[in-house]
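Across the two complexes that follow, chain A remains constant while its partner is chain B and subsequently chain C.
Coming up: the complex of A and B.
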């Protein structure tokens, strides 16, 4: 009779630690995916913006696919088909790969918008001072365009963090998956989902506050 | 010396410059006047290779501007340019706006670049605005900032493309005064302008542009006192 008692049991302190650990895994996978996705996305956005190579012709539709196919389908397909081409990735890395590409496909548009936000005249002024193409990008386009689209980028990043919950379908135990496990055991779905929701909020809120304060500083 | 020979410029099939020959010796102040769309801005852009050319040549102190082998970023340091739009870098203070290129293009240290910037801002009358961001400056002040920024590269020539056209009338004077100051100091200047009084009083020569050619070029006295071309006579009648 002992096992059944411990099978369904109330929420314990150790469960909170379990959730905290899981939240940490959410942070890990999101931070990694957002970092890689942002770097890739800026490069993709730049290719789209310059738009003079065949690359732009193939890249656009490629990114469209990742933007429009539901993430959960991408994850399952990638996780199951990657081994066929010899990539044996664990759920964490599969998740990072797909989330990063997904993030990159969103950031690409944001980044292109940022570059378009810098007027041609501004860029000519930079070049007329003797700046090289790359110096113009680094010292003029990046800071000016970056500020223009920073709020959109924060939106993308927070979205990717929430979407990282979908990696749970691969068996990666992040915040959502951990909550489901606890719900199965405790049969307290409302309580646990509330706690999990609070965790997500606790992760996003400081980021949006911080972003808002940066925007305010730039505006002044 | 800037030497332009047989310069032709097309945008697609539209020919904007139809064979320009022009020599601007060191120390000269040349004003370019002409109707909107006649190719004045395009000529300036061809001089510092912000636009490619299709025929002819531009040389600055003997260097072919459009040759593949020319280090254009080095050459552009000789050619300061001021645009109709002020193009202040909004994320940088006035001092940082001016100090940026000396630091990253010329490789000056931070301290050197700041010294250069402070001197230049003083020069254009913005000595009290060093740490102000452009959005707190008036249009006239931002245009003077743009002039200081160009001067910080120690150019030997200055190209002005309607530097006062986007300004409120009451702010035009301060920018023209700054340009006048540069002219008095002996700077070689090519000024595209709609300010006929500036063209008359400050320039050594005035060129009248009409549909992609220099239709008449002469001293201000001759251009304004005894215009030969019919188009120029019409043009002057309209701007007066």
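Coming up: the complex of A and C.
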């Protein structure tokens, strides 16, 4: 009797756990990249707003590059460039760096838009009341401008979360890569892809609805 | 500091191939935008004006397209449909996934555009004796088009950037071609650097063309 060797095995409980771990990694890398990217982006946005033509000629085009080149190319380039200048980066770190800069380049525009949304007269009023420049930024521009652009910031953050799937090209095992690995073993692409997609959806949909409802509430 | 010698010659030799692949990229982006606009328009109208299964269908499409990674959608059209016996060529997979994605995003843009136009205009058009079709094609759509022109341009840029994912399903557009060439010569950084520049130029060309077209279209 010939022994039958099975190359493929069905989906097991441990695989679900594997997917959950991978999903957690997706959340982690996104959260890290979005946090760093948002802080950087707000600083960049402020420079773009205050720096006038000097910033428009230097920082503007620099950030524009990250918005005009596909993220996947940026990732591959950076991952292959780091060893050239003597850095040995793991996929996670490279992914965070590029996702954060990419996020920052998008947030910079959003932040600048927020600062432009605060009327000049309001800021002059704040300054005439004796507020310092930073107090004006903190207590006037941040609450008013922040509200104006909060929904678009959520859009950017969700976009980065979804784009974090691309870090899988570097070999970082996040949700989509993990599901691909499982598909290779179990040969059940439809089921596993649906699970992965459902997870992204479950993460993204409520947040986008929440942002939309806030936008509606604040608009009225 | 550099232990690495840059070799640009192989890249320059295959520059014609890269540029040709760039044309494929533009072609697939344009095609997916054409499909995206048509389907997106239909989805927006279905979501706004119909009840029952049609609305449900349109909403599902739009929300799935917007709340899952484009890469997931690509894999779904690739491996997912392959599992149920629908085998598509890489070209079709990329085109289908991109159109699916674009349609979802554009539908929301169109919906915003439609909502910005007062309903009284339809009634006015109808009372002038126009049929519903005439009212839509002659009064509403031209105005909506003007409102969504800018988002449409952005989406076109996104389509170009997203088409780079074709590399992961073996489609030879700009990124796929670059990867194939790079793995043959092992000059990954150099190849992808040139590809990044080509993408940048393509995006700038699209934005420039769009601006030029806008001055012609919206003169009055």
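In the analysis below, the second predicted complex is superposed on the first by the 195 of 220 C-alpha atoms of A that agree within 3 Å, B and C clash if a C-alpha of one lies under 4 Å from a C-alpha of the other, contacts with A are read in each partner's own complex, and residues count from 1 in each chain.
Just so we're on the same page, a residue touches a chain if its C-beta (ideal position, glycine included) is under 8 Å from a C-beta of that chain, and two chains touch if they have at least 3 such contacts.
Keep in mind it's a predicted model, so treat the numbers as computed, not measured.
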Worksheet item: Counting only touches as set out at the top, which of chain B and chain C does A:139 meet: first, second, both, neither?
Response: first
Worksheet item: Which partner does A:201 contact after superposing on A: first (chain B), second (chain C), both, neither?
Response: second
Worksheet, complete the sentence: Between chain B and chain C, the one with more contact residues on chain A is chain C
Discussion item. Is A:218 touching anything from chain B or chain C once the two structures are fitted on A? First, second, both or neither.
Written reply: first
Item to complete: Applying the touch criterion given at the start, work out whether A:147 contacts chain B, chain C, both or neither, answering first, second, both or neither.
Response: first
Worksheet item: After lining up the shared chain so the two structures overlap, which partner does A:124 touch, if you call chain B first and chain C second: first, second, both or neither?
Response: first
Worksheet item: Which residues form the common part of the chain A surface touched by chain B and by chain C?
Response: none
Fill in: Of all residues in chain A, those that touch chain C in their complex
65, 68-74, 76-77, 80-81, 83-86, 158, 162-163, 165-166, 168-169, 176, 180, 183, 187-190, 193-194, 196-197, 200-201, 204-205, 208
Worksheet item: Any idea which chain B residues touch chain A in the complex?
Response: 45, 48, 50, 73-74, 76-77, 79-81, 83-85, 87, 89-91, 100-101, 104-106, 146, 149-150, 153
Worksheet entry | chain A-facing residues of chain C, complex | 1-4, 63-64, 66-72, 75-76, 79-80, 82-84, 157, 161-162, 164-165, 167-168, 175, 188-189, 192-193, 195-196, 199-200, 203-204
Worksheet item: Considering the complex alone, what residue numbers of chain A touch chain B?
Response: 119, 121-122, 124-125, 127-132, 135, 139-140, 143-144, 147, 218
